[in-house]
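Listed below are the structures to be examined.
Both complexes below contain chain A, partnered by chain B and then by chain C.
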Partner chain A sequence: MNTVKETTKSRIRLSHTYRHLKVEHLRQNLYLWLLILPVLILFMFNYSSLTYMISNLVKSTLSLVIPSSNMIIRSSQFLPYFGNVSFIDLPTAPYNNQLNYITLFISIIMLAFVFTGRRKGHPVSIFVSIGLFVQIISSLFFLFASNDFPYTATIYSELYIKQQVSLWLFFFIILGVLTALLGNGYFLYNIFFLTGIMIYSLVYGVLRYLTYLYILSEVSTIYMAALFFTFGPLFDFLYVTFFYGRYVSRIISVNETKESEDIWEW
Partner chain B sequence: MVINLLKSFMIFTVVYMLIYAIRHMVFSFSRMFGKQKRYYDDVYTSEMPTISVLIPMYNEEKVLDNVLDSLVACEYDRDRLEIIPINDSSTDRTKELLDEYHARYEFIRPIHRNSNLRGKPAALNDAMKVATGEIIIVFDADYRPNKNMLKQLALAFLDPSTGAVMGRVIPYNSGKNLLTRLLSLERAGGYQADQQARYNMGTLPQYGGTVGGFRRELVLESGGFNPFVLAEDTELTFRLYLDGWKIVYANSAECYEEVPETWAIRGKQVRRWSRGHNNVAFRYFIPVLTAKNLSFFEKVDGMLLLLIYMGPTIFLLGFIVSLILFFTGEMNLISTWWILIFIGATNSLGNFAPFYEISVAVIVDGKNNDIKLVHLMIFSFYYYVWHISLGFFEAIIDIVTKRHVKWNKTERFLVKPKNGGTI
Partner chain C sequence: MKKVLVIFGTRPEAIKMCPLVIELKSRSQLETIVCVTGQHKQMLNQVLDVFGIAPDYDLAIMKENQTLFDVTNSILENVRGILLGEKPDLVLVHGDTTTAFTSALASFYLQIPVGHVEAGLRTYDIYSPFPEEFNRQAISIISKFHFTPTVSSLNNLLKEGCDSKSIYVTGNTAIDALKYTLTKSYHHEIFDWLGNDRLILITAHRRENLGQPLVNMFKAIKRVIDEHAELKAVYPIHLNPNVRRVANEIFGNSSRIKIIEPLDVLGFHQFMARSYLILTDSGGIQEEAPSLGKPVLVMRDTTERPEGIEAGTLKLVGTSEEYIYQTFKELITNQEQYNKMAYSSNPYGDGYASQRIVDIIINNL
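Up next, the complex of A and B:
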């Protein structure tokens, strides 16, 4: 015969329905004002140097691949009081009509492919078709008005750096506030999460900058719209939410073992 | 001139997304750290109201025994309970199965409709005419209420100011595939965080058309449901609020449902919701704005609720406008300070905001199984933009042409075990 211990649950959980996390004003405010805010200010006063370093690094790397390219580092005004951003000024690849025709043809074929059969209406198909739609518009624009394309690789290079600095600022603010609220009491894990995501973002941002500049300077500007709209900030959002999901999962695991340690209120 | 208009639209898109981002953040904060407003769970009485449980059905042979068996097992005084499955011209074995249930249980009284006017609102109207309960409780055929559910929902009506009640919906097939896992996250955010936060803050929790109930006389006196509205639940929500009634959210009244298992079916479902919801939004926006019995915050919440299904279309148009601005050399719109606002709003706050509600909900629920998939929602975001926008444009055509909409039910997926029994 089973004993009571064997037939009962090892643990009876408290009701989750109306529970909520305790607010720990002192701890959460200290974290926000003594860690997140100073680091943010530090970043804002140093993004000029950071973008100069990035530009220098990318310029040196690109020089290895395209030694003939004439590249210089320029600076442009960004946030008032916090300094300029640096970016690479480089030549733009000349328009190639044949490449545009091939790209247009492939894009139309691929669009037809994702819009037919079992792929039709699937989220990935819709995402890919948006990217292909942008590329088709771009190709058509170049087909009829290539001389009127208003941007050069340098303009895009400047926009990219400004966009990237903006993303880093936003990610840090949003994730800083999130970790203060959701990860109260998990100081080391918060630091690990924030540092990891910012380093990943930095490396990813630099590699993407390098790739984009190579394409726009050596291949063609017909891909500029697709690079901006399809593979732009959306992919930053993708990896942030990827890490965010893992962070929340970890917080849940720890919270559930701490059920009796007064982190919850009912 | 045209460029300025396009730029203005871009600014409008950004502002729209920021407003909803703030809304999501406020709701998340309220649910995570605020004092939670409780339901009437601790009210005890022997004077429960009489209830009629209505279950609209169209070709539900796969699932109807689950909902009926669950309701039969519910603890509620049989003298005060009747269950009315509404067979809406089914072509499968629904009629036969319902008659079998009637033969076994006197209080299950199916009605068999064979009318040209089909759909959930018309079916509910017919059933309300024969129903005897003071309170109508509605379930969809794929739902599985727990033993206490009827009592829990009916308790809300002991409060004379309650016009309707809404329970929490949880998918039972969440582990089936990626889509069902993502839908499980959406449902958690929508109920555990969003609905509960609105209830906490005294704004406007929504009656969702199933796992909920309302006072029969209230709806009958105002002419029943409009049979040509696809979102009869949203319409009832605003009718009740405009007439001074309140809707109560019962977070503890958890009911299990089947969520769509294929993207095609889910696409049709959200398109129908968008069409119905936007149709209601066109008709109720001004009445809500000018309502005398709603407070400022209730009006704000009501209008944001009405406009929520327009968001994806605004985003889609904003995307097209940004493409035009890109090729006309107007990228300066998103330079310097603008880039902070634009990028921040559309890619961080705008998209990111619903993730706050989802993470808050799973933290409160203590369920960490599916949250690691949350990043994949970025792809379903574009999917929703597409399908909800189609629904939005259909709603505009409905309003302009005054055409009558046709109800399409969501396909069921339940596969019974070979040895019988429930899943």
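Up next, the complex of A and C:
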């Protein structure tokens, strides 16, 4: 005859509601205070150099299309006591009415396309439609009030770098705390996960900075809003959530085996 | 060998063009001719002496009560003769003066390429500053090379339809000039009078500020100086009699405000370096002072130097007595705010603008 516990187990997985993993508080604290905190402090004292390196790299790459002398690496105040951030001061592409009309026309056509047939309701369609909707509003704004648009490529460049450093700080803190809570006893896996996501974020952040600056300086600022709302900070949270989901699944699958059943607590 | 003709006529122009002339003359690939119009004769010669530059042509057009019509006519006719005689490959003008505009116009009539130093500054109010805003916009239409001090100036030109390939961000040559003028051995009798007190440096002469705005500015400054015993102010006064009369009326009886004769560029830069804070309606000082770590209150309603405001080195305080008084007082009493302005980095250049401009000319002429 099956015990109550075995019957329950066959219907409800160990990781489900009201259970949590057993935690070794000492190990958790050591992980947080001796690893996460020092690395965080190290990052805070070095983001100034990091942003300078990124700006230098992006400037060198952009100098293939924009005269190098017309781009200046400037610094701006960020967190008190931890130093400034560097960003690129660069030309802004002048507004082009014809390009705006073409963009508006294509955006409306594409919006109608993603809302019809089998594409309707598909996650990719929803994502694309958000970008198109923002682009249509942006194009309409430029159509009637292009002179009132307050942002230049330089202002965006500065905001981007500040936003990116803030995201890196936030991601590191939040993922450091989460891995401490969930990944107790999986030290190497935690390190691999944290390092992986920060490297991914760094590479993606630099490539995105390069692409955005190229578009705003060489093509048009009419795309600024759409770029921000599609592949901007919201997208960062999207990929972090994706990686975090994979991480949690991995932790759960490791702990779902019968041998490890006793590490789950009610 | 390519021939470059450099034309300027006012003191601020000379301060910014002299480092460029020195750099041009140091290059063997170029022959450099210097022409001064003498739009501000006396003050111009002081600057030329400091930099050790002897002009090849001195038009000496300045006369009593000269109007814009006089200056324009005189320069246009005189520069024509020099252009026809010298046949330069490039004419370099600076900024927004009537000398710069008229020389550019004369070059255009003879189809000689023009290089515009400190291009792209704008307020987009054709009457403020007057006539400078018109002058610089008109020069931009004529110029082949636009040497802008900042990216923001470059953006102004792009918006107006200038070819991006003709615009170069070089920084401001005003910063280059500091390399030639600052010296520890300089002494002025006013420094003895100052002792350990904090020096407030004042400059005010702008045409659109004459009349009530000037009165407001001086009254506000006097109120703060009277309230703070640790402050002393020095006002190297402009030659304009309308400015002198108002200054003497308001500052005349103050024991802690000294009105002195105009300083040469060497002296003025030393005073800037010695100062605690600068109140000005001048353009060039807004660019130079941040390199010396001095906060600047700009007594104008608009500025064509928004980068300084954004960078935090300048504050636009307008010409209302109460607002100037409040902002000036706040900066004197709030050390944190003072430090924030003093330690902001200068967006106007690194002291190598002249070198960049000459490199561009050699590579593109």
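The rule we apply is simple: the second predicted complex is superposed on the first by the 227 of 266 C-alpha atoms of A that agree within 3 Å, B and C clash if a C-alpha of one lies under 4 Å from a C-alpha of the other, contacts with A are read in each partner's own complex, and residues count from 1 in each chain.
Throughout what follows, a contact is a pair of C-beta atoms (placed from the backbone, for glycine too) under 8 Å apart; a residue touches a chain by one contact, two chains touch by 3 or more.
Since this is a predicted model, take the numbers as computed values, not measurements.
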Clash or fit: what happens to chain B and chain C when chain A is overlaid?
-> fit
Quick one: classify A:F229 as touching chain B (first), chain C (second), both or neither.
-> first
Residue contacts on chain A - larger count, chain B or chain C | B
Rounded to a multiple of 10, tell me what angle the C-alpha centres of chain B and chain C make at the one for chain A, in degrees.
-> 130
Is A:I174 touching the first partner chain B, the second partner chain C, both, or neither of them?
-> first
Is A:P67 contacted by the first partner chain B, the second partner chain C, both or neither?
-> second
After lining up the shared chain so the two structures overlap, which partner does A:S75 touch, if you call chain B first and chain C second: first, second, both or neither?
-> second
Give one of first, second, both or neither to describe whether A:L90 is in contact with chain B, with chain C, with both, or with none.
-> second
Identify the partner contact of A:T154: answer first if only chain B is touched, second if only chain C is, both if each is, neither if none is.
-> second
Quick one: classify A:F43 as touching chain B (first), chain C (second), both or neither.
-> neither
Shortest span in Å between Cα atoms of chain B and of chain C, once chain A is used as the common reference = 12
Residues of chain A contacting chain B in one complex and chain C in the other = none
Considering the complex alone, what residue numbers of chain A touch chain B?
-> 13, 16-23, 77-79, 121-124, 126-127, 130, 134, 137-138, 141, 149-151, 155, 159, 162-163, 166-167, 169-171, 174, 178, 181-182, 225, 228-229, 233-234, 236-242, 244-246, 248-253, 255-256, 266
Provide the residue numbers of chain A that touch chain C in the complex, in ascending order.
-> 67, 69-72, 74-75, 89-95, 152, 154
For chain C, which residues are in contact with chain A within the complex?
-> 150-152, 154-155, 158-159, 161, 164, 167-170, 345, 347, 356, 360
In the complex, the residues of chain B that touch chain A are 29, 31-36, 38, 251-252, 263-264, 267, 319, 322-323, 326-329, 331, 334-337, 339-340, 343-344, 346-349, 351-352, 355-356, 359-360, 362-368, 371-375, 377-380, 382-383, 386
